[in-house]
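Each of the next two complexes has subunit A plus one more chain, namely subunit B in the first and subunit C in the second.
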Partner chain A sequence: MVDSDKKQFRKRDFLYVIPLWLLSLIVPDADDLYSFRSKEFKRRELFYLGALLFVPLIWRDPHFHHLMVLAGIYAILALGLSLFLGYAGQISLGHAAFFGIGAYTTAILTTRYGFPPFLAFLISPFVAAVAAYLIGRPILKLKGYFLAIATLGFGEIFQVIVRESTVLTGGVIGIFDIPFFSIGGFSFDTYLKQYYLTWGVLLGLFLYSKNLVRSKMGRAFLAVAASEEAASTIGINVARTKLGVFVIGAAFAGFAGSLFASIMSIANPEAFSLNLSILIVIMVILGGMGNLYGPIFISILLTWLIDILGKYQAWSLPIYGVILILLLIFFPDGIGTRLGIRLIYLISYWSKKKRRDEGKV
Partner chain B sequence: MSLLRVEEITKVYDGLRALDRFSLNVEKGIIKGLIGPNGAGKSTLFHLISGIEKPDSGKIYFKDKEITALESHEISALGIGRTFQTVQTLSNMTVIENIMAGMHLRLKGNLLSSGLRLPWTARAEKGALKEAKEILDLLGLLGRWKSPASQLPLGKQKLLELGRALAMKPELILLDEPASGLTSAEGDQLKERIHQFKRDGMTFCIVEHQMGMVMEIADQVAVLDNGRLIAEGPPTVVERDAQVMDAYLKRKRSDA
Partner chain C sequence: MDSWTYLPQLLASGITVGAIYALVALGFVTITRASQIINFAQGEFVMLGGVLTFFLLKDLTPSYLLAASMAIGIVVMVGFLMYLSVIYPLRKAPMLIPLIATLGASIFLSNTSGFLFGTLPKALPPFSGQQPFQIFGVSLLPQSLWVLGATFLLLVLLYLLSHRTLLGKAMEASSTDPLGADLVGISRNRMVFLAFGVSAGTGAIAGILITPIFFTSYNSGTILGLKGFIAAVLGGWGKNTGAILGGFALGILEALSVAFIPAGYKDGVAFAILLLILYFRPKGILGSPFVDSRRW
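On to the complex of A and B.
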């Protein structure tokens, strides 16, 4: 397919081939385990790492740093859901609830009980994971749309609980004055410090995820997504695998929530509404199913987009919606699925499609 | 010694008796063939043995342990591997990952140790990769180990599915129509492989719609019709059995 396309290349195809090719140099590909250009990958990963380390030092704009902190928090959420949705193929529309659990655990422990933020940061994902375990056991038996509805319901119920239990959570107003994250007297009180904190945590979780998906556990996730029947006949415990990856995703959300609480100094129900749940799902889909790099890249893109659109006030939501729809139409597989279409393949795919549309194939 | 024992199982779908008080014995180290016309209950039998469906009555024993009520993954952990009539390769993985997925139970690692890539899990993964390549080499698929499993032609996917089952190192393998969709060269290769694994001490149970391959390689053949066992014995004896011919002829007449 690819070979025959190369022969039919035309000059004007370069109009979109060159921008796409340039884009494909920067935009991450899905990383499948043993087959795909590992040297190129290592080089690209080094490039990303370098960019993450030095760009905020060069571009010393506090607003940019702040945006990147937000993007990092979203990226942690998207990374966790990527394991659950992108790898194990299960849908969750209530992921923001675990983000909320993480945020409130940190908020309550630090403001009411005087826990040091670092300790609260370690406890939060644990609480989120336990909640996910308790919720997951009954509802993960559901599949597809039913699972979507059940997780959606869980997210909404959690919202109501938080709004109503005023004594514990401060109700609609939430909890204020959460102390900044600090380790041994070093307080993360500037945007730049918070940037390194967030992206450091993200890097750790990313390495964990990458190891996980490249192991027998990752193959079990994928097998469950491909065929539960086939997975169970090779000895994979489907129920336990789903529960495991749900709990991991929730723990990631717990980390993100805790960071959010101690960086923004606030935890309120607005922060983890259904909007957030859907935003994370969009990040994973646009990032590519079975792709760990994509959701992170998209979370930066969308955070930046939402910020820019904020200038247009009332128009921001419609424009945002249209952009999302366009992205989903032109990139139905996002940045690249695990073994599927990648940006670089789109070059040949588009040139072929164009000729087909012109009726010359 | 009997490895698998099926005792009087019955399975009813919407009033249709897919299996009717069906009993079967599979001895260790043999190739057991199961033949019968479409709808005779062969695939249902495999679903019941591998735990994907549960029988309405009757019992199934594997190595003298009752497995009737066990979950599918527990049954595979005891040492029963299988393939499916319509291939179920794991389409979101590459060829080699499909084989490695079959080694799931034999590899060390859990959500924590695999995520941290502790030395022993890293070692297990490396070993698995090497072993998977050996299995692929044996099946003649090594040349395409990097391609997505779904891009293989159907015949190769069948072989891959067999390889995934073999990677479990099970004691018993249930093959559901392994030769359908294979070219004759691929079929011969498959036969050769099955014989080789039989010599290594593996037991096979093979369902076929057509008599051809099963009659050639099976040590014992059981014939099913309408959910009942109508003949059993060495292939040469069964072939002569009048009832068998009848079941096939009847079917042929109704097809025409």
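On to the complex of A and C.
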């Protein structure tokens, strides 16, 4: 009796151990933050890096390259917000405004003042960070919902200013013919080159944020997210920490905006609306709070989803809304978070239920 | 000099718009008082009220009253359905997630309405008479009086509901002390369910009142919802009286701003007011029972 039970269990083992092992290779997990196992960590990162390097060379479809460029830009945005929302626990619904500030800085500097794109790329995040500093000083004392609403208000004010100051920003029509990104005469004019540019920038920012969250300041983010009072009693300057992470997130958005402007060659207010802010927040939530890999994966997933939905024309936005709600209902902790453990729980529940139904337990 | 002569006229239109903001703000407050959830799809209820009445009046029935009450009924159903499909499954999630989910519901509702009823802006005929009349040198549309009268009536009804009935008190109890409400046998989920119905109905009435004056299109709900939210924060988050005061104050301030700055910045004014009030007095004008509590 016992033997046959064991055999049954082993046979069934393969059914989920193999898919789970494959999933655990691919799917990022927030628990990595606390249980640092260097060997597994490096293997997984090498896998990601290899996939990023070689997949676009193997799959030579320009549309796929273009989608991945967009996904990379969203991923930079989501990475910045992940530090602010996922690590420091502060809500921002105005992140698209910093994205817009970055894009418009690049657009105006290159088309109106003839700056080289690379220089504009370096100035844009700085401008976004300064804007974040000025905005963050007053509003970061707010908490929870009120911070969300205040940042949302900032995003809307940015929209109004961009629409109305036609001389500088071109109003509703926006700015066209922004030159492609180029360094020393090498122009990034094909989708493949833009892919490597975007994901190269993303990789740099990713390494930066990965080191940041393991630094003293990164631990302070987590402490502030857990409890501001407790954090301040152990000597963390809460206001400075929150402002710091807000400015860093905005600088990331500035990088993304600059890339967006010089890759799409266009900057118009529609691209930086509340919908984008919501999309980024959803990327961070579904990616898992306090997780750097998750938002990047979800940004690829959602970009791909939006592209597929685009084929259904008028249906696309209603379906998009429904899918977002369903994802939030079924994965409120993020899609990747403890996926392996949840699957094992589910499978063991099913197998126990079957045995219970057979009257064996 | 020139803009001062328009001031009374602007004031009158500000009060009319303010009444609508007050109704939208009341919708927010009704739900918050029951559950501490912010429902960002509130503006979509307003939009649906106007668009559905237009549609029913055109295709189904010539009677204005019948079309309006059917529209209100449908929107209340939408509110109930939204609670059951979006809020109820997320009742145990952290507060950010229902907030984002209601934003998702708002995307769904506005775009479905655009898909079903067309994206063109719609206008209902006024309740009575097109001819504006003069009071103290200010020309008023009869519809403005309808808006003010209906708003006042609705405010009285909501006041009676929340202060004079057992149901209203139970709703308030389930918000201020969830555990205590559970202990005395109040079903919190049912309270939130009812609050969604009440708030959807209020929103739909606001939509029907405003559509004869302003055009309502499938995407006008979002901005109206945000303005209503600002009104609720301005007056004092979580208070009925605060929502009403904030609504009128916001409407008047916005209308007066047109006299002094370019009209394109009008939407920005509301959000600038929001940032100022959040910075200097997050409690709002009348103070709020929720701010300074452990959540905020």
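Throughout what follows, the second predicted complex is superposed on the first by the 307 of 361 C-alpha atoms of A that agree within 3 Å, B and C clash if a C-alpha of one lies under 4 Å from a C-alpha of the other, contacts with A are read in each partner's own complex, and residues count from 1 in each chain.
Convention: contacts are C-beta pairs under 8 Å (C-beta built on N, C-alpha and C of every residue); 3 or more make two chains touch, one makes a residue touch a chain.
Keep in mind it's a predicted model, so treat the numbers as computed, not measured.
For the composite obtained by superposing both complexes on subunit A, the positions of subunit B and subunit C are free of clash and fit together.
Legend: residue contacts after superposition of the two complexes on their common chain; A:Arg219 is shown touching subunit B, with no touch to subunit C. Touch criterion met: A:Thr233 reaches subunit B, while subunit C stays clear of it.
When the two complexes are overlaid on their common chain A, residue A:Phe154 makes contact with subunit C while staying clear of subunit B. When the two complexes are overlaid on their common chain A, residue A:Tyr320 makes contact with subunit C while staying clear of subunit B. In the superposition on chain A, contact is made by A:Pro332 with subunit C only, not with subunit B. Taking every C-alpha of subunit B against every C-alpha of subunit C after the fit on chain A, the minimum distance is 14 Å.
On the side of subunit C, the complex with subunit A involves touching residues 38, 85-86, 89-90, 93-97, 99-101, 103-109, 111-112, 114-115, 222, 226, 229-230, 233, 262, 264-265, 267-268, 271-272, 274-275, 278-279, 282, 291, 295-296. On subunit B, the positions that touch subunit A within their shared complex are 50-52, 71-73, 76-77, 81-82, 84, 88-94, 96-97, 100-105, 107, 109-111, 114-117, 121, 124-125, 128-129, 145-148, 150, 164-165, 167-168. Only residues 91, 138-139, 142-146, 148-150, 152-154, 156-157, 160-161, 163-164, 274-275, 278, 281-282, 285, 314-315, 317-318, 320-322, 324-325, 328-329, 332 of subunit A touch subunit C when the two sit together in their complex.
Of all residues in subunit A, those touching subunit B in their complex are 32-35, 208-209, 211-212, 214-220, 222-223, 225-227, 229-238, 244, 248, 290, 338-339.
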